[in-house]
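I have placed the structure first, in the form of structure tokens, so that the comments after it can refer back to it.
A, B, C, D and E are the chain letters, set down in written order, and residue numbers restart from 1 in every chain.
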């Protein structure tokens, strides 16, 4: 019979890769989201356009196609990324494009009243953003950011298609080596779910900390 | 004779095709307390918002403290004011809103000190000392550390007044500052405003539906309808002896609805 | 430059016994073992194997993702044009995996084409897919199966009537499935015996030639047979043919 | 490697074939997701914890795990318990179920956006729970959410490539199959990207119209 | 002597740890017009909402039209009412809300006919005929085809009254029905309610901050504070001669805020 402890260990190694992809991808996504989200609200048209093009391109094409491009086509342009880097880039930029809209939406949903109050108090645009709007918009973004991070986690399963040894890929190998389908797939389902729970729990924690004493904002 | 602190001259304002202010002209003297009354939609809020530069204007001129508000000189010709000019002019003006618009993520004290520290670069200690004085004046010194969500409506509105005063504007605008409050809480805000009116020589413009308060508070009452001034004069004249028919019906309805004038 | 790098990146498939991944994650199997030994002799101490779909191997090689493919990617004239093959390494005939007793009597790809209800499963971009299509099986009856286990499962579930892979792959799958209701038909009639070779970028013909030299030495010394025969492959089959024949040069 | 236009022309019919299948699957999955999502959303609000709790858990579990793995499960594991679904059906069920957990959230937002006063007015006029849902809540909750629902339609379209794992020859799989037999990746993959981008540009126009027609999300 | 139509006995209501109603007891006679007044947060709205079964209760009993509201008999013992019992009891009661709560996706006419058609299975023609009568009574027959969004606040509230009347309840509850209206629009709604009070023998419970109106409208006034009845009696007594100190301060503040009593 197959050496199950060894194979399960293999899946755990894959889980580590999945976790790495999720963490680094999320960091890239967060940076991209704030750049592009604030960019779309910029007073300079060129920046608005650039942000819009980035967002629409990455939301418009499938994460799938983006991965294949990053992995198979970019090398022809002289950019050869390691599978890990290609995976992080495609996942981060893809999810970042969605999260950019979250940033923009949260900023726009701070009531107009608050903008008017800052005008009446004669704050500059930058002061308004820094001291009044962002502190109120951030707690609004967090729940959706949590969802975005879970989306990213799930999308990492797709990188098995560019032969990055993540959890799903390892499960496929274990399946090929042992001939058993149920055990490896059930195991990774549980692992994915556990990771998703960790993400949403930490987001809730963060949200609670940020909105402390802020009940009744809306 | 002193010169007016606000001069409004042939002011037009349209929203799309809707003409909200129509060739409006009036002056306000330094220290004057003005009440703006009139039916819903007559443009009272719009005038205050224009003075606070929260809107743009469609035509006409406004002069505040001797300078154009929405225009400036550039190479000898008059051009629309840019953000820097508006920023410069807004020093003179403060506003209190119907829904308070406090910053919900900042404590009461921080609400009051934020603008002086950011716009005037006041050191924290000085801004806080002054804020405490103001909070004391509105009777809320003990709430300095509270968050706005922990206050009642009347308390929030008093904080909003303190916040606007912290910048020491020469002109204060009040837009229906009590109409979002429970009736029992109205009094505490009106008390603060009466004291303010009596103790300072600030110029004040007040929009209200509280006719009794307008009567006590104002030196002069302007009655608006459809973006124009229908009638103006001292409160006794407007409330006891309105000349114009529109003013008479308006006051009659308000009284029928249970308000004292 | 591979020497400087210290390792060679090879593409392998997730298909025992061409490749095997041990429980501790180490890659073995006939193809990587041969490649590892030869690269060592060429002064490249290590190989880094990455598992890839068959269809993605040649594009990956061309995109510089791999330095060589050692995966049981059989030599065929079109492929020979796209990459530079070494001399043959692993040879195998084609086989069918089908229900016990071969109820529909499939012996060749043409038999499948002739039965309008029959569905054949084969790996995407693999030799078997091509053979089936060439034998006249319509596209919608050639099911692209992602991997061997999926193929066995689909056959057991009756989604396909026959699953085609090289003989050794099928026997490995049968051993793991341990399902008495399955049977292998091998070799498939009319299907040629194929051999793979290590595949290199066409620009890297010099590397390929060096590889060939070492491969020939190993074939002669018997070390070659010692590596591949435990996996079930026949060294004699590889030695008896040549690239020139297989590529139709 | 050079871009080859004649090759593009040659593979176009195959790719269009795949596109057709992709659109069909998207549409069918969308119908499943839209209907099932509403059921999820309402069941989750049930006052009976024996309904609300399990439904919540199922929703959370499906949302927290990758569609790819779920598809493997439906296609390769379910037959062991006697449920054998054709690839297309398995794909539609997998995608529909997965996205129903998203549309359920959208509906939930829509339902929560219906002011509390509407529930109370329905009670004060003595409507039953069912009448309240049918005549008062759903008609107000769903239309404002149509743009958000349409967004998921587009997302679904972009996730169809996953179905290659369960042997459905949709657009992406067709492109890979073309690439496999010709050893050319750039043209088919780029064309797939162009198709996706084209569809998403079309859908941006469609969304603008929907937003104009039904109002913005949550407003 | 007639029996009370509503009997409230030792009613308790808490939200979490906050006790909102505290051992409250009072009866209402058929046809009686009751005004509930008192400071914000004293529990006035909560009572109406409990009578409308929009809340649950924490203790005590309520009897409406001779039957228990929140309890029912089952196998000889008293058990909490189930949804079917509540549905049965709600026939007797109608409520008009502060914010109207019209169904925005239905026309004025459909708002009024929806409940009779669904809950009583009235045929469309009959329900519409009766709805038109009611709309005529509130002066809105010409708006039957309009959508709620096309109406002013006062008109919306009058539709809401017609909608509640359409079910012909024996008891009507009004919760601050004018406080969300512009002062100019208050009068039209109060006029409708005065006619209603005069013309029908319906039992009415009214929560309001319009002391002038409460005075005219009510047979009896209950003054609430902190979830208890502090003082009750005929309007003349409560408004002109309040006994209790809490009542006196409350009325003084309301008057100071500009309201007529």
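In this text, a residue touches a chain if its C-beta (ideal position, glycine included) is under 8 Å from a C-beta of that chain, and two chains touch if they have at least 3 such contacts.
Which protein is which chain? UniProt says A = Ectoine/hydroxyectoine ABC transporter permease subunit EhuC; B, E = Ectoine/hydroxyectoine ABC transporter ATP-binding protein EhuA; D = Ectoine/hydroxyectoine ABC transporter permease subunit EhuD.
Computed from a prediction, not measured in an experiment: that's the story for all the values here.
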- Which neighbours do chain C and chain E have in common? D
- Supply the minimal count of touching-chain steps required to go from chain A to chain D. 1
- Message: Tell me the fewest steps from chain A to chain C, where a step is a jump to a chain it touches.
- Response: 1
- Counting contacting C-beta pairs, the top-scoring chain pair is A-D
- Find the chain most remote from chain B, comparing centres computed as mean CA coordinates. C
- Computed distance of Cα centres, chain E from chain D, in Å: 46
- Message: Averaging over Cα atoms per chain, report the distance between chain B and chain E in Å.
- Response: 37
- Which whole number of Å gives the spacing of the CA centres of chain B and chain C? 83
- Note on the structure: Between chain B and chain D, the Cα-mean centres are separated in Å by 52
- In chain A, residues with contacts to at least two other chains: 72-73, 76, 181
- Query: What residues in chain C touch two or more of the other chains?
  - Reply: 56, 59, 63, 153
- Touching pairs of chains in this structure are A-B, A-C, A-D, B-E, C-D, D-E
- Message: Quick check: in the complex, which residue numbers of chain D touch chain E?
- Response: 115, 117-118, 120-121, 123-129, 131, 135-136, 139-140
- In the complex formed with chain D, which residues of chain E make contact? 49, 52-54, 83, 87, 90-91, 93-95, 97, 99, 101-105, 114-115, 118-119, 163-164, 167
- Item | Residue numbers on chain E that touch chain B, as the complex places them | 39-40, 178, 182-184, 186-187, 190, 209-213, 250, 253-260
- Item | Contacting residues of chain A [partner chain C, same complex] | 2-7, 9-10, 13, 71-73, 75-76, 80, 83, 161-163, 165, 169, 172-173, 175-179, 181
- Where on chain D does chain A make contact in their complex? 1, 61, 63-70, 72-73, 76-77, 80, 158-159, 161-162, 172, 185-186, 189-190, 192-193, 196-197, 200-201, 204
